[in-house]
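Input: structures, listed below.
One chain, chain A, appears in both complexes that follow, with chain B as partner in the first and chain C in the second.
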Partner chain A sequence: MSWYLTLPLVIPFVASIIAYLLRSSPLGAWVSIIGSGLGLIASIALMVVVLDAGVIAGQMGNWPAPFGITLVADLLSAVMVLITAITGFAVAIYALGDITERQAKLGYHALFQILLAGVTGAFLTGDLFNLYVWFEVMLIASFGLLILNGGKEQIDGGVKYVALNLISTILFLTGIGLLYGMTGTLNFADLALKVEEVENQGLLTVVAMMFMVAFGVKAAVFPLFFWLPAAYHTPSFAVSAVFAGLLTKVGVYALIRMFTMVFDHDIGFTHTVLLWVACFTMVIGVLGAAAQSDFRKILSFHIISQIGYMILGLALMTPLALVGAVFYLVHHIIVKANLFLIAGIAKRLTGGTEVYQIGGLYKSAPFLAILFLIPAFSLAGFPPLSGFWAKYIIVKATLDLEMWFVAFIALAVGLMTIYSMTKIWAEAFWKPHPEGIEPELKTLPNKAAQLIPVAGLAVLTIIIGLNPEPFVVFAERTTAQLLDPSPYIAAVLGETP
Partner chain B sequence: MEQILSVLIGILVASAVYLMLARNLLRFLFGLILLSNAANLTIFVAGRLTPGAPPLVPDGMDAPVGVVANALPQALVLTAIVIGFGLFAFALILAFRAYQSLGTLNTDEMRVAEPKEN
Partner chain C sequence: MNSIILIAGARLQAVLLLVFSAYMLLRGHNAPGGGFIGGLIAATGFVVYAIACGTADARKALRFDPGSIAGAGLGIALLAGVMAAFWGDALFTGQWLFIGETEDSKGIPLSTVLVFDIGVYLVVLGAILSIAFSLEEAV
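This part shows the complex of A and B:
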């Protein structure tokens, strides 16, 4: 049983070691692709098992929970691991056309695999301190990837990224210490039981807020998001795609995990805070995007705004809202990573990312234009693409609670998203290139490696959009597990919860 | 003992915040390391202090006898120190590289990746 849980972690680490040894040879990139492919197979296997069993748990080193480190996969973990593997695989292929020899020599492929391992580990662990360790694995790999080129911009963005993330890490660590002091345990399942016995519930809320801030920095919510638009537009496109798709979502996952399972003692307070945070995040993110003119900066601010929708789903805490949050997570990772990959192709074809200084893509590269329209419309919530259903479910949940104003904000932000997407469309695709360049896809080096992952992710978006039923049913099952953690607790602690 | 350590943590956090508010990147990093030490001490104190009772298992037994110190916080702190040390080493090198390529450690002047000021 525990092989299903450990393989998605072991494969990237092994791939990372081999890729590091082969970093000077072109084979390194292929090791990364094969590793990600095997990881994808392993996470599909995990998904199949979890779909059947509900929750599976494995005790590392055979120390029984809550004393040892537990790896757990419920439906939420399994789907996050699967989507990580899909994104990782797509970006690993894309790296063939994006990563320079110099970057590969500096260890890009090894760091990339470690990043995937860190993200996967954070999704699979059932232990709070272990979650901290996976966060660090992820963080150190992302530091390395961010400044791999060592240019001025990367270093500048890197300083801000490193500084704010380290503060959040320390806050997380302090929160872990205080929570351990109150409950005497760090195992999620055990915590869910023990927090009810804590006498001073007020103090528990204080610790909950520390976690909210710590994870909030990782998830880039208002008012803690400043590191994201300062850094995400600087690294190479493959790196920023995987950052944009996955890293903030680990923060969202941690928030969902902690604030449905452990900190559900004072929903009236904590989730109201989350509601405000969500609304501000949506609005500020989308307004920030409207003010930008760089392809990747626009997309970076949209990450923030979209995070708001997921937090909104968590804040409402109704079954339907959580279904929306889970659906949104899955949809968003695919779409966002894809848009960053497309930004990379656009840059190589037109020579820039500043949308006012490029153009002509629609005329000379219509295929790319279609590939852009799919994720862009999905992001903005056009039917019948995946983003429409995600937004629809969340807005429906707010309407059910008769929160008219929140529903209005969510819809208005969707409209503003269209504004930014049309800006990219009109400037980068529709208008002729100001310097008269007619970029053609034919001239793209390593064309297949760049277009296949983009097309693959676009097809996934369409599949989710045209056939949302199984995904919504899946999200409903996931939500049922989140709202009633007793199967999770039983799987971790054995039959006597 | 708990009170003394708690006060010490408070002093560490206060100095850390003071340092981190500075514009100089190096001062910020020194503040960061003080803060991470404060976090480590917090874990240590939160695990309750039991002086003079090492958690050793006597010969021929499976578990320690009587009241012994909690070993888990020490394991956690040790892990956190190692990780914090690695991250700090990275951050120091980053600050050095930033000084080399940007020519300043003043965070207000680091605006290469930011929009131009009007």
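This part shows the complex of A and C:
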């Protein structure tokens, strides 16, 4: 059973090693694609098993929990692993048209696979210290990808990124130390049982806040988000797409995991803080986006504002709100990664990402314009695309709780999102190119490699949008597991807790 | 640096360090030592050689690109973990073979743990050397 859990981790590592040894040959990119493809198959297999069994757990090296390293997949982990594999596969194909030979020689494909392994590991681990290790794997790989063959701008973004993430790491480690001192365990399942026995519940809340700040930096919530817009517009487009899709969501995942399973002792305090954080994150993010004029910077600020919706779902802590948060996570990864990939194509066609200096895409490349409209409208919450259902569920949850003001903010932020999306649309697509260039898709090098992943992700968005029923049912099952962790605990610790 | 004494000394020292690193690697499981320390000691040997005779000579003596050594090491370490699948165990479960086992002696113990340590040895050796050589060449 444990090999279902292990394979999505082992495959990217193997792919990374082979890609690194073949880094000087064009085969490296294909190793990355095949590796991601096999990883996708392994994640689907994991998903099938988890759908059937509910929760599966495996003890690495056969050391029993809570002492050894536990890998565990409930529905939330399984769906995150699957969506990581889908994004990874799409971006691996896109890299054929985006990554230069020089970047490949420096080990781009190997680092990319390690990043995928790190993200997958973070979703699968059942142990807090192990989560820290996967965060580090991700941080090292992502720093490498950020500055790969980069100039001043890349190093500048990279240093800000690493400095802030290191602060988060230190807080995370301190929190781990304190929590271990209080409970004597770091295994999620064991923690869920032991935190109730801690005498000093006040101290537990303090530790919970440390984790909230640590994961908050990773998730880029207000007021800890500033590393994200500083870094995400600098690297190559394939890199920024996978960052935008996956990295912040690991922080959100960690918040959801910890604040539903372990730190649910003082919801009145911790989740109220989360509620304020969520509202500020939504508003500040969307205002930031309105002030920007660079394609990728607008999208980066949108990530922040959208993270707010997910945190809002967690903060409300009702079943419906959590359903919304899970749905939002899945929808957002697909859409956001896709928008960054499209930004890359737009840049190669028009020569820039500053929206005031480019244009004419609608007239000369209408196919790309349609591909942009789908994720852009989905992100803004137009029916019947996936983003509409995600927003609808969250807003419905706030209305059910009669939190009128919060619902108003969520809807207003949606409107503001449309405003800045319209800016990209009007400037980059509608108006004629100021230098009279007529960018046609025909001129794109390696056209198929760039358009197929973009089209594939757009189709996924439409499928979720037109047929949300099974996805909502799935999110409901996931939420039921989050709110009642006893099957999770039983799977990890054995039948007798 | 062109010092005959240093070059002659460094050659001897590099050899000694490499032999010592193999010794540290092999005694590692139940005594202080192991792949990480072994790899560091072996890297020290090559760094001493590079300082005395230049990185070009040291790279030649190493025969392989340090980055590739690290990559291969990672592969070997991973292989050690995956080998557990043949016995139907979870990833990284140690598998042991005792050669010449008797009632009161374990004989010669061979294990996948040792394979893992060899992988770590190569990763550390390769990683340290690619950093050290780059720094040495940048000066």
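By our rule, the second predicted complex is superposed on the first by the 497 of 497 C-alpha atoms of A that agree within 3 Å, B and C clash if a C-alpha of one lies under 4 Å from a C-alpha of the other, contacts with A are read in each partner's own complex, and residues count from 1 in each chain.
Note that a residue touches a chain if its C-beta (ideal position, glycine included) is under 8 Å from a C-beta of that chain, and two chains touch if they have at least 3 such contacts.
In this text, all values refer to a predicted model and were calculated from it rather than measured experimentally.
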Partner chain in contact with A:L178 - chain B first, chain C second, else both or neither: first
Which of chain B and chain C A:I167 touches, first, second, both or neither: first
Partner chain in contact with A:Y419 - chain B first, chain C second, else both or neither: neither
Which of chain B and chain C A:S2 touches, first, second, both or neither: second
Chain B versus chain C as contact partner of A:Q59, first or second or both or neither: second
Chain B or chain C, by number of chain A residues touched: B
Touching partner for A:W276 - first (chain B), second (chain C), both, neither: neither
Contacts on chain A seen with chain B and repeated with chain C across the two complexes: none
In the complex, chain B residues that touch chain A: 20, 25, 28, 32, 35-36, 38-40, 42-48, 72-73, 76, 79-80, 83, 86-87, 90-91, 94-95, 97-98, 101-102, 107, 110-115
Complex contacts: residues of chain A adjacent to chain B: 129, 132-133, 136, 139-140, 143, 147, 150-160, 162-163, 166-167, 169-170, 173-174, 176-178, 180-182, 230-231, 233-234, 292
Chain C to chain A touching residues, read off their complex: 67-68, 71-72, 74-75, 78, 81-82, 85, 89-94
List of chain A residues in touch with chain C within their complex: 2-3, 6, 10, 13-14, 16-17, 20-21, 58-62, 107, 110
